[in-house]
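Sharing a structure, written as structure tokens. Questions coming.
Letters A, B, C, D, E and F mark the chains in the order given here, with residues in each chain numbered from 1 onward.
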Amino acid sequence: MLKKNVETFLGCDSDWRDARVVLFGAPFDSTTSFRPGARFASAAMRKESYGLETYSPYQDKDLADCKIFDSGDLELSFGSPAAALSDVDRRAKHILKDGKIPFLIGGEHLVTLGAVRAASGAYPDLHIVHFDAHADLRGEYLGAKLSHACVMRRCHELLGDGRIFQFGIRSGDKSEFTWGKERVQTRLFDFEGLERTLDALAGKPVYFTVDLDVLDPSVFPGTGTPEPGGVSFEELRKAVTLVCSSANVVALDVNELSPHYDASGASTAVACKIVREMLLAIQKQEV
Amino acid sequence: MLKKNVETFLGCDSDWRDARVVLFGAPFDSTTSFRPGARFASAAMRKESYGLETYSPYQDKDLADCKIFDSGDLELSFGSPAAALSDVDRRAKHILKDGKIPFLIGGEHLVTLGAVRAASGAYPDLHIVHFDAHADLRGEYLGAKLSHACVMRRCHELLGDGRIFQFGIRSGDKSEFTWGKERVQTRLFDFEGLERTLDALAGKPVYFTVDLDVLDPSVFPGTGTPEPGGVSFEELRKAVTLVCSSANVVALDVNELSPHYDASGASTAVACKIVREMLLAIQKQEV
Amino acid sequence: MLKKNVETFLGCDSDWRDARVVLFGAPFDSTTSFRPGARFASAAMRKESYGLETYSPYQDKDLADCKIFDSGDLELSFGSPAAALSDVDRRAKHILKDGKIPFLIGGEHLVTLGAVRAASGAYPDLHIVHFDAHADLRGEYLGAKLSHACVMRRCHELLGDGRIFQFGIRSGDKSEFTWGKERVQTRLFDFEGLERTLDALAGKPVYFTVDLDVLDPSVFPGTGTPEPGGVSFEELRKAVTLVCSSANVVALDVNELSPHYDASGASTAVACKIVREMLLAIQKQEV
Amino acid sequence: MLKKNVETFLGCDSDWRDARVVLFGAPFDSTTSFRPGARFASAAMRKESYGLETYSPYQDKDLADCKIFDSGDLELSFGSPAAALSDVDRRAKHILKDGKIPFLIGGEHLVTLGAVRAASGAYPDLHIVHFDAHADLRGEYLGAKLSHACVMRRCHELLGDGRIFQFGIRSGDKSEFTWGKERVQTRLFDFEGLERTLDALAGKPVYFTVDLDVLDPSVFPGTGTPEPGGVSFEELRKAVTLVCSSANVVALDVNELSPHYDASGASTAVACKIVREMLLAIQKQEV
Amino acid sequence: MLKKNVETFLGCDSDWRDARVVLFGAPFDSTTSFRPGARFASAAMRKESYGLETYSPYQDKDLADCKIFDSGDLELSFGSPAAALSDVDRRAKHILKDGKIPFLIGGEHLVTLGAVRAASGAYPDLHIVHFDAHADLRGEYLGAKLSHACVMRRCHELLGDGRIFQFGIRSGDKSEFTWGKERVQTRLFDFEGLERTLDALAGKPVYFTVDLDVLDPSVFPGTGTPEPGGVSFEELRKAVTLVCSSANVVALDVNELSPHYDASGASTAVACKIVREMLLAIQKQEV
Amino acid sequence: MLKKNVETFLGCDSDWRDARVVLFGAPFDSTTSFRPGARFASAAMRKESYGLETYSPYQDKDLADCKIFDSGDLELSFGSPAAALSDVDRRAKHILKDGKIPFLIGGEHLVTLGAVRAASGAYPDLHIVHFDAHADLRGEYLGAKLSHACVMRRCHELLGDGRIFQFGIRSGDKSEFTWGKERVQTRLFDFEGLERTLDALAGKPVYFTVDLDVLDPSVFPGTGTPEPGGVSFEELRKAVTLVCSSANVVALDVNELSPHYDASGASTAVACKIVREMLLAIQKQEV
């Protein structure tokens, strides 16, 4: 009797029971204003992750030694951001309820809002560490409040002042920066001050959201809105490893890979490697 | 003093006042469930139309002799189908109010609903001639009623039984065909019976909607949901010419070109040529 | 508790026990001499099949009513054709042993040899119906006997004269045609005589192998060796339906989709639709 | 001692002395107004021709039995059409002087003018058979007389009325058709009347020029100016075979493949196969 | 009454009267010897610029506060470099005559010569600051004097010794460097010495020409002749900001984006962002 | 009488007799497990090398002054690694026998084994300097011993402990690193210690193998298995120049360019420039 065809991200084949981290994909990009396609990210990453090894020479750790479950992709309603966010919220809640860490693979950045809702329900003192090229602090965008360009503003409405810490930001409407000045900590262009921020967050529950367009488009062209002038792969690799290994990360996501703009596959490989390093680094909490 | 940079579809440079046909683009694809990208169609067609001649040897007519105004693209809210349809409706109403014919360039097929609303307001006895690979008769799709897969069902709610005439259909859920049997005239696979239908519609106001995926993907690969087994370019060219020259077309559209799947540009050229032939054929009404 | 991520070809989600047809993929292309890439076919088809409906208006049948199990892809050793063929053979034997029909998704055409070995073991009186642009009758190619260009020659060694029936052939070395004249029935360019052949094969066990490059490259550009001058989609659709519904097909395959040469996705859609029609047509045998 | 790396079109490896037909490439596209890239055609065809067989089942002939020399590509001055045409003219003269048939692989269609100059020098009674989507009869284009869009007008200036026979034409400025009416024989859309024309040309020296965009873009998307509505591969294959085997072709060319618009390689395969069939058909003159 | 469809580069929608800087495009690439396509740059940049914000966090300035007019693209004669250069010259003169700064978007680098002719007419003491991977100092190239590979040599003929200052150069024929040694200041590989040069040019009228291939191909693959080993985005961003804000720039250009080699769109984004930063930096002169 | 069409890598047109370095291509990728396509590298590099200059401003040397012969590509049997390696071995032996230096252009990395066999026959004291992202030290891979993933393990079997010096390695199975610890010198991530290694190798015969995926995918996306986190172009350029100019290199290769993943051509340009610099640097030995 042959087995069913189970597909997971590289090395994420634990049983649900044992798993401490649970992956899920949110293939959604309906509010993307410039170039859609992030909906294809989670499937592409699952498939292309097999170009990587499970072992990381950076951390001398192996995914084969970790307990991770891949619960596949949600089936989301295109054209209905509210419904899609509810579905993301529900899945994340399900995972959190069992004491596990939800790891969301977007999709456009708006999907983060669904997971932040779930995480802030479970951890009222939630803080957000946010890597991105774009501030995403607009009040509304083209008449819509549920838009990728407003996602951090919506998160701020949930969490309040002083809870969001942005790094790598290099693009935004002037008014976003003005609005954010007193409410959000925004580090322009790079990760300077990250260690200090993590020290200040010691012990607090952290939602960690990585918009991969924080990377320079030379490293990561495969995204909806390429913003020249970003960080290098090494800078991002070190920064995500630091956050995942030293903060109390209770939920996390990686988003905005758009495989259609990744003719060479290099961006998908970058996304997969960043996820691998995050999965390996977060394991310290299992001890 | 230099002039502003005005861009129009090939040969559509009349003044608003003189124009009998008015083009407008609806760059929207948020409910597209399979592969987005139709939002880029109108801009691509405007640009690539200059690979064509204004003269048609098929009809021995020239766009240079026609009165057409290109009013550019709407700026639509991604992620909000209801808002987008309102904007399409408003633009179409504006054009109809001045006694002109709106020619909508989609976008995903859902945008048709906005223009049909406007046209059925102006012409209560409106009928629809619909070329497509897909029946688009679902009650809802992935929980949404405003979806490209439901657009003809929504139109049916506006117009009632016996008003929609479909040709070229070759894909649908079984229940769509069952539902449609008594309510909609559906010709599978080709255009047989089109002349008879047009005879029956003589004098009645017709909305003509062309989903370009009615074409075989060999001719028109550049679309979101390629359906092998479609009609040839010659079959479509003759059929659209027939409808535009012999029916009382009061509004019309062409949709579902997705330039990102058109590496060679051939699909965009097909879309442009079909639009040129439609524009030339509909001119007989100006006499 | 969340479920594992099971991925199947559209509508092929039966239990193993109930299934009469069992899909499996053979991602192998090591002997491809011109352009490799057929290894990516089965994964691409599984993913892109969801752009189709389960219902076929051609046959008025629905995959939802069929019993098909998708056993996923083999993990084959690149660079070792002999080992790869053993693995294909073993999987096909496993399926045949349970009285089910193996449906192999290639890969390059060589993989057919593995399944033919298994099927000729189970059915010593096996005949082959072969659709292809290329005769594949070389004795050896670039020094290798296990090559895609020799696959029918190898099959002939297993089955003997008068057992192989080729259609659509339009390319080959002159010596292949000379050699085949007395041993193989070769119909050039199209499917003429197919009904007569099927009549002659009535009741006999048939292995049905479809090299999709039998299609014209306008319809199916996404293949390793495009051969202009092939059959249309409608011709192939009708021919595969005929074979699957009227012959005693005991094993079958579809091969030589190469997704890297299918920028628009239209070729993958063609491959999926042909497989859907084959799966639906072969179901008559379940009654 | 190892040999130098000689590259030829498939099967064209005769000695200069023995050869009756001599290939040469003219990688030039400077006057292309819409999309350049035809400069890459001859190199791509030389390389991709090895995806074909030397044997043609259509004609039951083999390139291995023919005497053809491939003299490689000219190095032409981009930006200087006059200089480029001189170089083409010189190469063609060199070949004609030795009693051989020059077979030019373009490049944009303007290069034909260089070879027609040489051929009309050698054969003052030269006639032209011209397959194309575009009439190419403009007096000038964007201020230039040496433009791809004017090439047949320039040829007419050399040869005079009644010497040019066009087939497959489906695009042009209205004035081109008006001008051509009394001077050139223009068959719109297809090859009807070709046999009659060839009968009338019996014995006369013929220059045969094939702009591959005469093909429908479904068959041949890889060209600078795709014109939907063209002929099929089979129609072109039969027509070129007819011209080459029954007319007194003294020089010929194939042009306007633009490999950059041929992501799948299918257009390059079409170009190569058409050239193979022309090379095989013209061989009858060697007897 | 609907408005005409005016398209501009992001935020460049001033009236002609108010504008201090005037954009225009020169879609020309006929002399490009390696890979054409720069003709598509200005249209692509106009369209893709809307992926950017008008606000720059680098300079804390906003295009919304600037006075820039976009006069669209010239219609240039392909195949006639002399005619094309005259048209560029005429447009630049028109802009200079009104006391405005022409900002040319190429096109291949040869178009710079047209604008330099106009600028050196208006400012006889003109100097050139030139960023490029290639020296462009050939006397002639493939027999042509009006070639992209000779553009700085032609400019030298207009301006004489000691007027041209090159940075970032990393490719050239040996003889170019020898010739240039006494006549042109050439900094290899990077921007070292740029401040010193700008000090020396204080007050003098400067033509600033940026061949974007000065960037490393990892940052800017979308160009005709990629030259590995170039500068980073940050290095170029700082250098162009320095030149535009501290020199007396009287005319400027950016060229050699070739969108066809920019599958991801990242190169177009780089070109747009560099232009935005240049437009913002040059505004200091308005005070 | 026209000449045959000889094609060589840029500037490599010496006579066999004079040549000190002899290029040859090994278009083979049958054991590539992730994404094939390296077979197309040598032809692409030969063609695209003409986008470069023969002169290097880095070394102030010119290929025009060097003696290099390009012997073209081997015709290798796909699907038979053993046969392919024999052919590579034989060609390298032929070159070595005449006292020349073989320069192999792969192909997948396995082809190196063929050339190492030849070189270790001629120079029993052979050492290997190896630049790569992957350790390639597996005992076997997917059941095969002749696999790209095992190539250095096979070389170790020929040469023994302490003869292989790896740099830039950043990917491997954990067991590879364990196995290699005592047997191979492996420098992770970069080229630190290269000078020391070269000092230690002074006078000893060195085989130098460069897997281009040692570069970061931002610089070199066009490869089968992109590994983010690699070295920059400048780091590799300096390192290869150092090895070629200071070690006693008796044979060398460059491999793993996969042009199909190089839409922009930038990776091919990188490969060509690295080869140019290696060819120029190794010339010092001719003195």
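Here is the rule we use: contacts are C-beta pairs under 8 Å (C-beta built on N, C-alpha and C of every residue); 3 or more make two chains touch, one makes a residue touch a chain.
Predicted, not measured: the structure shown is a model, and the values here were computed from it.
Chemist: By that same contact rule, can you tell me which chains touch chain C and chain E alike?
Modeler: A, B, D, F
Chemist: Over the chains that touch one another, what is the least number of steps taking chain B to chain F?
Modeler: Tracing touching chains, the least step count from chain B to chain F comes to 2.
Chemist: Which chains contact both chain D and chain F?
Modeler: C, E
Chemist: Please flag the chain sitting at the greatest distance from chain D, going by CA centroids.
Modeler: Chain A.
Chemist: Matching residue numbers in more than half of the contact pairs is the bar here; say which of E-F, A-C or B-C clears it relative to D-F.
Modeler: Matching pair: A-C.
Chemist: Could you state the distance in Å from the CA-based centre of chain C to that of chain D?
Modeler: Their C-alpha centroids are separated by 39 Å.
Chemist: Could you pull out the residues of chain B that touch at least 2 other chains?
Modeler: Residue numbers touching two or more other chains: 216, 218, 263.
Chemist: Based on which chains touch which, is the overall arrangement a line, ring, star, complete graph, or other?
Modeler: other
Chemist: Enumerate the contact residues on chain A facing chain F in the complex.
Modeler: Touch list, chain A to chain F: 50-53, 55, 57-58, 62, 216, 218-219, 233-234, 237, 263-266, 269-270, 273.
Chemist: Looking at the complex, which residues from chain B come into contact with chain A?
Modeler: Touching chain A: residues 29-33, 36-37, 39, 75-81, 83, 110, 142-144, 146-147, 260 of chain B.
Chemist: In their shared complex, at which residues does chain A touch chain E?
Modeler: For chain A paired with chain E, touching residues are 34-35, 169-174, 177, 188-189, 216-218, 221-222, 225-229, 261-263, 267.
Chemist: Within their complex, state which residues of chain F touch chain D.
Modeler: Result: residues 1-8, 16-17, 22, 24, 43, 46-47, 69-73, 91, 94-95 of chain F touch chain D.
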